[in-house]
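Read through the structures below before going on.
Here come two complexes built around subunit A, the first alongside subunit B, the second alongside subunit C.
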Partner chain A sequence: MADLTPLELHQMTQDLLHNSASDRPLISDSALLSVLREEYERGSGSFVQQIDFLSNIRGFTHIRRTRGDGDCFYRSLAFAWISRLLHSKNQTLDVAKAISLLDSTLPTLEAAGFEKMVYEDFHDVIVSIVRQIVVPEPSGATLSPALLLEAFQDAEVSNCIVVFLRFLTSATIKTDPDSYLPYLFDPETGDDISLTDFCNRHVEACGKEADNVQISALTRALKLNIEIAYLDGHSADGSVNFVPFQNLPESDMPNPPILLYRPGHYDILEKQP
Partner chain B sequence: MASISSRRLSKELKELNTECPAGIKLVEASNFDKWILGIEVLGDSLYKGESFLLKFTFDPGYPISAPAVQFVVDSEHEAPLHPHVYSNGHICASILGDAWSPVLSVSAVCITLQSMLASCKKKERPEGNDRYVRFAPENPKKTKFLYDDDTV
Partner chain C sequence: MAMESARMRRVKKEILDCRNDKSSNISIDMIDDNPYHLKGTFFGPEETAYEGGRYDVDIVVPESYPFQPVKMKFITKVYHPNISSASGAICLDILKDAWSPVLTLKSTLISLQSLLCSPEPNDPQDAEVAKHYMTSRESFNETARYWAQIYAGAPGKGGGDASAAGKEKEAAGLSESSRAIALAGLSEEHVNKFVDMGFGFSKVVETLSRLNYRGDNAKNITNERVVEKLLE
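For the complex of A and B:
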């Protein structure tokens, strides 16, 4: 398996994910990392070694999986972000800040040429769910971890959140071309691509995977620190490379959300007591 | 709360009722499942004087999922003779498949198809039209088109 080229690995992961794509929930309840380990036990020693590194050395206990539908980065990030607000010790303040941040992105969307008609419904959905952490819905319930999971498993709510984050990512790239243009290429052909084509076809369109450019733009727009753990079966010593995307001083956002990357797919890594 | 598709479509409907793009006209939109729009190419083109009907079918995932769009073909209407339009009305255009994004709308689709017709240099059916039409699924979204022209 270590002999596979990155392209072959990518293809293999894609095949695996697409085969299971339709029956897997959009996002699942947490599962023990040992479950993931078992899946690689018969196939790849290098993956198993890296999973052991995640649990034994870095102390991760669980993985929360997303469906491999190309929206997994956005869905994972949204879930991890909202879940963090839900578990915050300064919940009221953090929720207020998050809502004002989401509202403050609207001028950026407008500046990037998004029409109000196009973004407002998606914006409403993400703001409502964040607000529900502190303000009960008409049904009387504030957001609980179970309700959050339920919302993210509901295709309409979940996909609306994904779409809003895609628009925000696109608008961030479009309104600051100098920062992103040098890094843009067509993910399908490897050729040069214009900023507009990149955003229209690979950011705004659902089902298109996110790469470093999208991750860096979105975490910047949301003023978030995250780390991505690369589980790729290509480590000489069995360790896992963690790549930080930092937009706040570390002290302002300690223990950032960690996404687990396997070629072509993102899930969420968790440490549970 | 109304579903996302009906919220969006009611806004699009309002906009189309107030101000329809030139050459586009709303023919039928009595629900949020199916709309019919009239389309003609303004100015000089191979389709001067011709007009066509477009049928939009929306699923509850609209606008996250693309609408199914085809030219109406019945006793009174034909699909335009164009290298991306099959004689059964199905259209091979990437914005209706792979390149669809929720930024697009009914009017954006109409305008794109209008310019697809306007820029046509030779009136002909796509290669393999007869075979495609014989075996085509009823819903054009079920066809996996290969887009050889990225401009539409």
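For the complex of A and C:
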């Protein structure tokens, strides 16, 4: 099984994702990495080897899955980011910083041509979720891990957050074209593409996958470090390549969120005690 | 989060925004006081066959708006390659997979307005109209203009008399058959040629339309082929 062609591997991954795409929650509770391993046991040896690397060598214990609907990068990142704020030791300060960062993005959105009418609702939703970490809702509850999960499983709240991050990504690219233009291509055809077309069709449109350009723009806008672990079945020695997206000195943001990439899909990797 | 739905908040704002914006000349009104079933109206763009016409669009705001696209179709009949001449259905990427929540009802209606300026015959909604557009532009424009006059209230050829009485006079000037010929984008001469051979009028109009027997393209179609089709 280790010698499946790349195309077959890709097909297998797509099938696994597709089978569970529509009935899977937008984001799930954490599952043991061994559950993911089992899914590949009948398939590809090289995937199993890489999953063992993640657990045995790198110490990851859980995977938190997102629905394979094309919004998975944005949803995973948002969840990992807010979850980190929720577990912060300096909660009050970190939440205040996060809210002022979200507010400070509005002039960038305006500069990129987004109408207030269009972005303000999405902005309100993400800010109110972050604020709820420290300020109780009228009903009395501050955000708990369970309430965070519930919010992200609610299509409306979850999609508002995804769309806000899409707009922020697009605005970051549009207001600094020189940094991104050399790396743009049409992900469907591989051809050259204008910055406006790229942002309109592949960033702002729901359900369109994120690639390196979107990831680096968004992590830059949120001033975040993250790493992406590439589980692709291509490793000769069974190791997994971790690619950092770094926007802060490592000391300012140790143990960054880790997203797990399988061709066409992002989930979150976790280490639980 | 017990809030008004994203859809309700957005639609309310959009209707208000459109009402306050007098410069775009686009209006959005509720149908039967239902904020999710609306009628958008705009004018045909200048220097096109649609100039002076007033176009009504039926708008349905789906439950998952603004994450999913609005559903739009023309209420006013339009002769255009990307709009069904029968149902008003529209072929436009932003109403399908290129939709993004950045788009609003107003900006989508503006996109429809610019679709009238720049048809995309390679991705047609109405294949027959697209054929007409591709093969004989002049005749196509004439037909589109005629539809604009008849269905969208655009002023007539002379351009002078746009009053209701004037239009009635003009319409009255045309017999029912001439009107049917003009709406199909055909010429009286061509239709009469086959009617004179003894074929029924509506059969001739239907067949010539299907064969795109229009303008210069008529020269590419032999009489034998037309007759063969008429006999089918």
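Throughout what follows, the second predicted complex is superposed on the first by the 258 of 273 C-alpha atoms of A that agree within 3 Å, B and C clash if a C-alpha of one lies under 4 Å from a C-alpha of the other, contacts with A are read in each partner's own complex, and residues count from 1 in each chain.
Simple rule for what comes next: a residue touches a chain if its C-beta (ideal position, glycine included) is under 8 Å from a C-beta of that chain, and two chains touch if they have at least 3 such contacts.
No experiment lies behind these values; they were computed from the predicted model shown.
Novice: Of the partners subunit B and subunit C, which touch A:L33 in the superposed model: first, second, both, neither?
Specialist: Once the two structures are laid over each other on A, A:L33 reaches no partner at all.
Novice: I'd like to know which partner A:N200 touches here: subunit B for first, subunit C for second, both or neither.
Specialist: After superposition on chain A, A:N200 lies in contact with both partners, subunit B and subunit C.
Novice: Answer with first, second, both or neither: which of subunit B and subunit C does A:C160 touch in the superposed model?
Specialist: Both partners, subunit B and subunit C.
Novice: Would you mind checking which one, subunit B or subunit C, touches more residues on subunit A?
Specialist: Partner with more touched residues of subunit A: C.
Novice: Once the shared chain is lined up, is A:A151 touching subunit B (first), subunit C (second), both, or neither of them?
Specialist: second
Novice: In the overlaid three-chain picture, which partner chain does A:D121 touch, first (subunit B) or second (subunit C), both, or neither?
Specialist: It touches subunit B and subunit C both.
Novice: Find the residues of subunit A that appear in the contact set with subunit B and again in the contact set with subunit C.
Specialist: Common to the two interfaces on subunit A: residues 114, 117-118, 121-122, 125, 155-156, 159-160, 163, 167, 200-201, 204-206.
Novice: Under the touch definition given earlier, write down the residues of subunit C that touch subunit A in their complex.
Specialist: Subunit C reaches subunit A through residues 1, 5-6, 9-10, 13-14, 17, 64, 66-68, 97-102, 104.
Novice: List the residues on subunit A that touch subunit C in their complex, please.
Specialist: 114-115, 117-118, 121-122, 125, 128, 137, 151, 154-157, 159-160, 163, 166-167, 200-201, 204-206
Novice: Which of the residues in subunit A come into contact with subunit B in the complex?
Specialist: Those residues of subunit A that touch subunit B are 114, 117-118, 121-122, 125, 155-156, 159-160, 163, 167, 200-201, 204-206.
Novice: Taking the touch rule as given, give the residues of subunit B at its contact with subunit A in the complex, in rising order.
Specialist: Residue list for subunit B touching subunit A: 3-4, 7-8, 11-12, 15, 60-61, 63-65, 98-103, 105.
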